[in-house]
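Order as written gives the chain letters A, B, C and D; numbering starts at 1 within each chain.
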Amino acid sequence: MDFSISPKMQTILGMINEFVDKELIPMEHDFLTKEFSSLEPELEEKRRMVKEMELWAPMHPKDFGGMGLNLLEYGLVCEALARTPLGVYTFGCQAPDAGNAEILHKYGTPEQKEKYLRPVINGEIRSCFSMTEVDLPGSNPVLMDSNAVLDGDEWVINGHKWYTSSADGSKFAIAMVKTEPDAAPHLQASMIIVPTDTPGFNLVRNIPVMGHTGDSWHSHAEILYQNCRVPAENLLGPRGMGFILAQERLGPGRIHHCMRWIGICNRCLELVLERATTRPIAPGQVLADKQIIQTWIGEMAAQIQAARLMVLHCAWKMDTLGTKEAREEISLIKFYAAGVLQKVMDTALQVHGGLGMTDDTVIASFYRGERAARIYDGVDEVHKLSVAKRIIKEYKAKKGQK
Amino acid sequence: MDFSISPKMQTILGMINEFVDKELIPMEHDFLTKEFSSLEPELEEKRRMVKEMELWAPMHPKDFGGMGLNLLEYGLVCEALARTPLGVYTFGCQAPDAGNAEILHKYGTPEQKEKYLRPVINGEIRSCFSMTEVDLPGSNPVLMDSNAVLDGDEWVINGHKWYTSSADGSKFAIAMVKTEPDAAPHLQASMIIVPTDTPGFNLVRNIPVMGHTGDSWHSHAEILYQNCRVPAENLLGPRGMGFILAQERLGPGRIHHCMRWIGICNRCLELVLERATTRPIAPGQVLADKQIIQTWIGEMAAQIQAARLMVLHCAWKMDTLGTKEAREEISLIKFYAAGVLQKVMDTALQVHGGLGMTDDTVIASFYRGERAARIYDGVDEVHKLSVAKRIIKEYKAKKGQK
Amino acid sequence: MDFSISPKMQTILGMINEFVDKELIPMEHDFLTKEFSSLEPELEEKRRMVKEMELWAPMHPKDFGGMGLNLLEYGLVCEALARTPLGVYTFGCQAPDAGNAEILHKYGTPEQKEKYLRPVINGEIRSCFSMTEVDLPGSNPVLMDSNAVLDGDEWVINGHKWYTSSADGSKFAIAMVKTEPDAAPHLQASMIIVPTDTPGFNLVRNIPVMGHTGDSWHSHAEILYQNCRVPAENLLGPRGMGFILAQERLGPGRIHHCMRWIGICNRCLELVLERATTRPIAPGQVLADKQIIQTWIGEMAAQIQAARLMVLHCAWKMDTLGTKEAREEISLIKFYAAGVLQKVMDTALQVHGGLGMTDDTVIASFYRGERAARIYDGVDEVHKLSVAKRIIKEYKAKKGQK
Amino acid sequence: MDFSISPKMQTILGMINEFVDKELIPMEHDFLTKEFSSLEPELEEKRRMVKEMELWAPMHPKDFGGMGLNLLEYGLVCEALARTPLGVYTFGCQAPDAGNAEILHKYGTPEQKEKYLRPVINGEIRSCFSMTEVDLPGSNPVLMDSNAVLDGDEWVINGHKWYTSSADGSKFAIAMVKTEPDAAPHLQASMIIVPTDTPGFNLVRNIPVMGHTGDSWHSHAEILYQNCRVPAENLLGPRGMGFILAQERLGPGRIHHCMRWIGICNRCLELVLERATTRPIAPGQVLADKQIIQTWIGEMAAQIQAARLMVLHCAWKMDTLGTKEAREEISLIKFYAAGVLQKVMDTALQVHGGLGMTDDTVIASFYRGERAARIYDGVDEVHKLSVAKRIIKEYKAKKGQK
């Protein structure tokens, strides 16, 4: 075992941390109180700087303009970027574009790659991923209602989706729809690329989430597909392979999310330390002198360390043995890191008292927005059951062999 | 011991529950997505209905137009009203007016009562309570910076306050300021009534709290007092008694808050039951069929029951023995009920999955806004320490007697 | 609502607390390090004192020599007695005799009452309750294997039981066995009185529990019934009503247990206070001066208060509306109070550090023995599910009516 | 980063796991119900087998007959051995001998090494470590009362120690006593080797711990040093360096303990899986089919994984950068792994229901004995504070530099 980080990565992370501190954290106040679109011109300039520093699109292949980092390396980058909500966007690795690009890279036709992948990686356009159904649990594919039928050389799509993040302003959506209703449950869906200006692609609303309707990249839309027609060649990957591809997309995506959460935890701890070492509570005393606060700092440090090593280990396993071999670890980190995140955010808020409730720090925004960590990409409970079933199955198999 | 609820209160609570269900819950969607002031005309009509039903101002004295309920009875009313964020406002018992009215009733001069108390209880005007300092912990009175000096027959007030809830639109503030800098620490502050149109009373901003700036009653302001002059007779209560009065104000206020939190818990449990019994998760199965959800429902029920009985017991003790005798119980319920509230809200949100994050239910609003329950009126930690010190002191005293 | 305790009960509780302090706590060291039977002569003398004080058998009917307290009153007595592991035994209200007496009083024939009930209540003999099966979950009656068949005027009993508490030294067992294999699942079992000197009643062993085999009243036996024959008239209650009677026995028994746990919590808190106020940690400082310890004391106080009020409320409901109406509350207190107990014991042990692990205080004994609180009479999980199912059912019924 | 385990270690761990399964777990029932000394002959035979397999004394230097593993490698061995309470003893790496040997190896004179170290490593004799004082907290060295004064060429030792583990049957103790009362607080104590047959070395009692007095290696003694005289050359290491050496001893010792706890967790999980997959709860259903049990298995797996990676990372850091550089990590793992251990043991017990309380499985023994994990070598709370103080100090230093 060797837990050391390569000199190359140490350099990269040092540059990123400095950039985040100097260029992005000062923009947070605007992020917290203004519309996202009003920040875009300034963010465009920051993106230009990132490209010049050759830190753009760290997880994308080099031949498409990225840095070509492996998953563990990119995980460390996510951690550094997530210290601010503006990090991943500015470095060209924001969801859902990152995941969409991955699918396009692996399964897209040469034409799809030129038309959709390249401009997404370049940050020229944005895209969205349209999977979650309004009234149905995402964890059970059998319950999908949206569908597409081939009418001549066109797919005709009908369906009702929501939580299509960043649809507002996107150039295209990757829609997950049922195309093979008679196949086995996991082989019924396909992915289809839908330009958002296609008639029948209706963005009903940006959903108000935690009091915030959002706009542009920073939004979650409800989409109604009504006889929405796209060319047959917009099929992404083989017919009926939608769920398989979505699962593949989710694996690395969970590393991205989990390392992002660790980064948020790190930021929360920094804010706690700043607050605790400066906030007077009695003449000559600050919060950091008190056992309760010290206890919390100790516990935060332990939880962050635990979650961080788990996620890095999982990334390493995926890099070396592949996603499939790491399915148990992926489920473990998903719920474990989300739990740590929530505890750390909650403690950070409490240390800040009334100030923690306001948008004068970034904590309240983390607290309300990242509550979703325990929900998206599979609620905690589904992952716990999934891990357990796998462990039980392995135990039985091992016992049977004896 | 007798845990029964009187027939009178059962009738009152039945009426309130029905009113909340029929008149207020349907308005919640607007509350969650619009400015508060845009709801005020409709709420004015609801308030008229409440007055006609003779359920107005339940905790205020009958001779001022209230129902004259005792603390335990009013606690039960709070519980019923808190099922919706619009409850207390519509029934004329919203903070901070309720607490202000109590102080005015006990300590106001006849002139102050006519000018300020009566219209507040009638719901004709609103008021605010200006105590919390921007950079100083509320729990340590020595650290107060705002002050007033008597200049002839006028108080000249200077200071910087925030979290002055509902200042926006208020007719007057009760300001807590240092007037006796040379007195013992707890005897330095006084309360002064400050009409909000007084020059030098500057509402700097409504503070963005959890992403929401708010307006009117539903807001928290930052106030700058700059050579703000009010007549000497605006002193409320004796000089130097500000903290004593504020403590007195807080005692019953904590019952109001805690029972309100129980009401929010009850609503959360209702929403969980509705969701669990209707949300399909597999063909022929709903969430409520699953052990995980059932376990949560069992745990929610236990926590709510525990917190509820503790608060009612505390209210009973205050009604029978007085606030001072119940100080330990008041601290216990403050942090215990706040903890239960947070767990229950969190579980309710989780049961709703992605929907729980949106403002299509009231849960996300509870989740972010009521996070403050563990902070205002004394953070959890201060109450735990306070209880412990009292218990330790009692133990030593008891042992010394032996 | 009225949370006051009657003067009569205050007097009784005062006497009990004094007796426990002066007569029983000094015997604890022997209890913790010697066999129980070696303490019995001294305990016999204490029992005599209790009878003279007219505090004997508090929950048993007056005409059988008890005090005739109702459930709430007796709950308060349990709380006081449980401050020491020797309390309930010394006051003639130890399990399983207490529960057996209740069944015999309600369902015994006049002959059974004279022969078994009277001497049990008098403390002349002890008894045991033989229900739990070795390999089968107690919560599912269908899975019972032990059985009895009527052969002429004798029951012939076969079966394998364990956790038959206090069988060692008992004069008779009440055995729960299947007698009606063809009836509906809940109507298959009956209760039969089995004198322990009956051939075929084999006490295989006292089971080592938490490192302690135990003896006499303080033991848990494994029993093998092998063609064990008793007269037909030893049937207790109607045929096939075993489970119904057992349930009835369990209801009040849970109040006894829960209030006993509260008493243990109270004792733990006393020990924490004694330790914290005397243990030096630095020159001039004791544990009680530290925020961590204070926080724990505050949390213990809150948890104990919460659990205590819940149990008393449940007892009141059973006294006024009957056991059946209080089924939900009974399940709630069972798991909630057990959870509080475990947290409080754990904290008390931690405050005592290395000493807490030794048998130089009573805490380690509580810690290991009372871990069973979350298991016996229905594991936590079963009660949570049971409460939830009832709540869900009520919700559906209520909604259906609308 | 590379999380792979070397082929050499995989082979060693495979052999150990098989040995534990075949040779040691079958002896557990005797361990749980008999005196330890009665097992020693059989254990001697097992030790002989271990030596033949060349797996003896894995962490000791090769030139003293050990395997010479580094800390990370030995940590993995601890994990494998700890699946049974008999593991470390049988492989010659039991506490306190392991730590004593380390000190002797580093600081012993050549004569001390021959006389004490060699036979300890060979398993010919046992030793104990006499540091903890009866009434004083171990975490504060200033509070040590035991002392030694040099009288001619002899140390005269007086003092009262307890928790001197395994003193019963030991050939010598390493006693920590104050020798330099006028030095700075951390430089007052020295280590002295005291043969246990020295007059004045009085083993007062084996302390009953969790109901178990214990004997031989499996015991904790109270020791009274009364004018106990040993030759001056029995000083171990330099005068006044006792605390420094003890700290050095504790660092690696915490890795040993923590990895041992992970091993106990692994065993608990195995027992849970066996129980869950075989225990019927309804016709055709076993525990493992239930969501509650599955959820627990998922949570156990995550907690074990988190703690395990943290401890291995810490061992790696100590191996590569030294103990001093890893002080923060050492404190983190101490309380974090202890917390995971307790949760896992508790869950394992709960899954076993009544059986879990008995000594028919090893769980109850783990549960009561390993409760001490949160206490010895520094209570959780001390480590949390220690970590926090270090983090706060680093934060201030870093900020000061900017």
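The definition used in the following text is that a contact is a pair of C-beta atoms (placed from the backbone, for glycine too) under 8 Å apart; a residue touches a chain by one contact, two chains touch by 3 or more.
Everything quoted here is computed from the prediction, not taken from an experiment.
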Chain-contact steps, minimal, separating chain D from chain B: 1
Maximum centroid distance from chain A, chain identifier (CA atoms): C
Chain centre separation (chain A, chain B; CA means) in Å: 38
Mean-CA-position distance for chain C and chain B (Å): 42
Rounded Å distance, chain A centre to chain C centre (Cα mean): 52
Of all residues in chain D, the ones touching two or more other chains: 291-292, 295, 381
Chain A - residues contacting chain B, complex: 32-33, 132, 136-138, 140, 142-143, 162-163, 207-212, 279-283, 292, 349-350, 353-354, 356-360, 364-365, 367-368, 371-372, 374-376, 379-381
Residues of chain D defined as touching chain A within the complex: 1-5, 72, 270, 273-274, 276-277, 288, 291, 293-299, 301-302, 305-307, 309-310, 312-313, 316-317, 320, 328-329, 331-332, 335-336, 381, 383-389, 391-392, 395-396, 399
For the chain A and chain C complex, residues of the former touching the latter: 290-292, 295
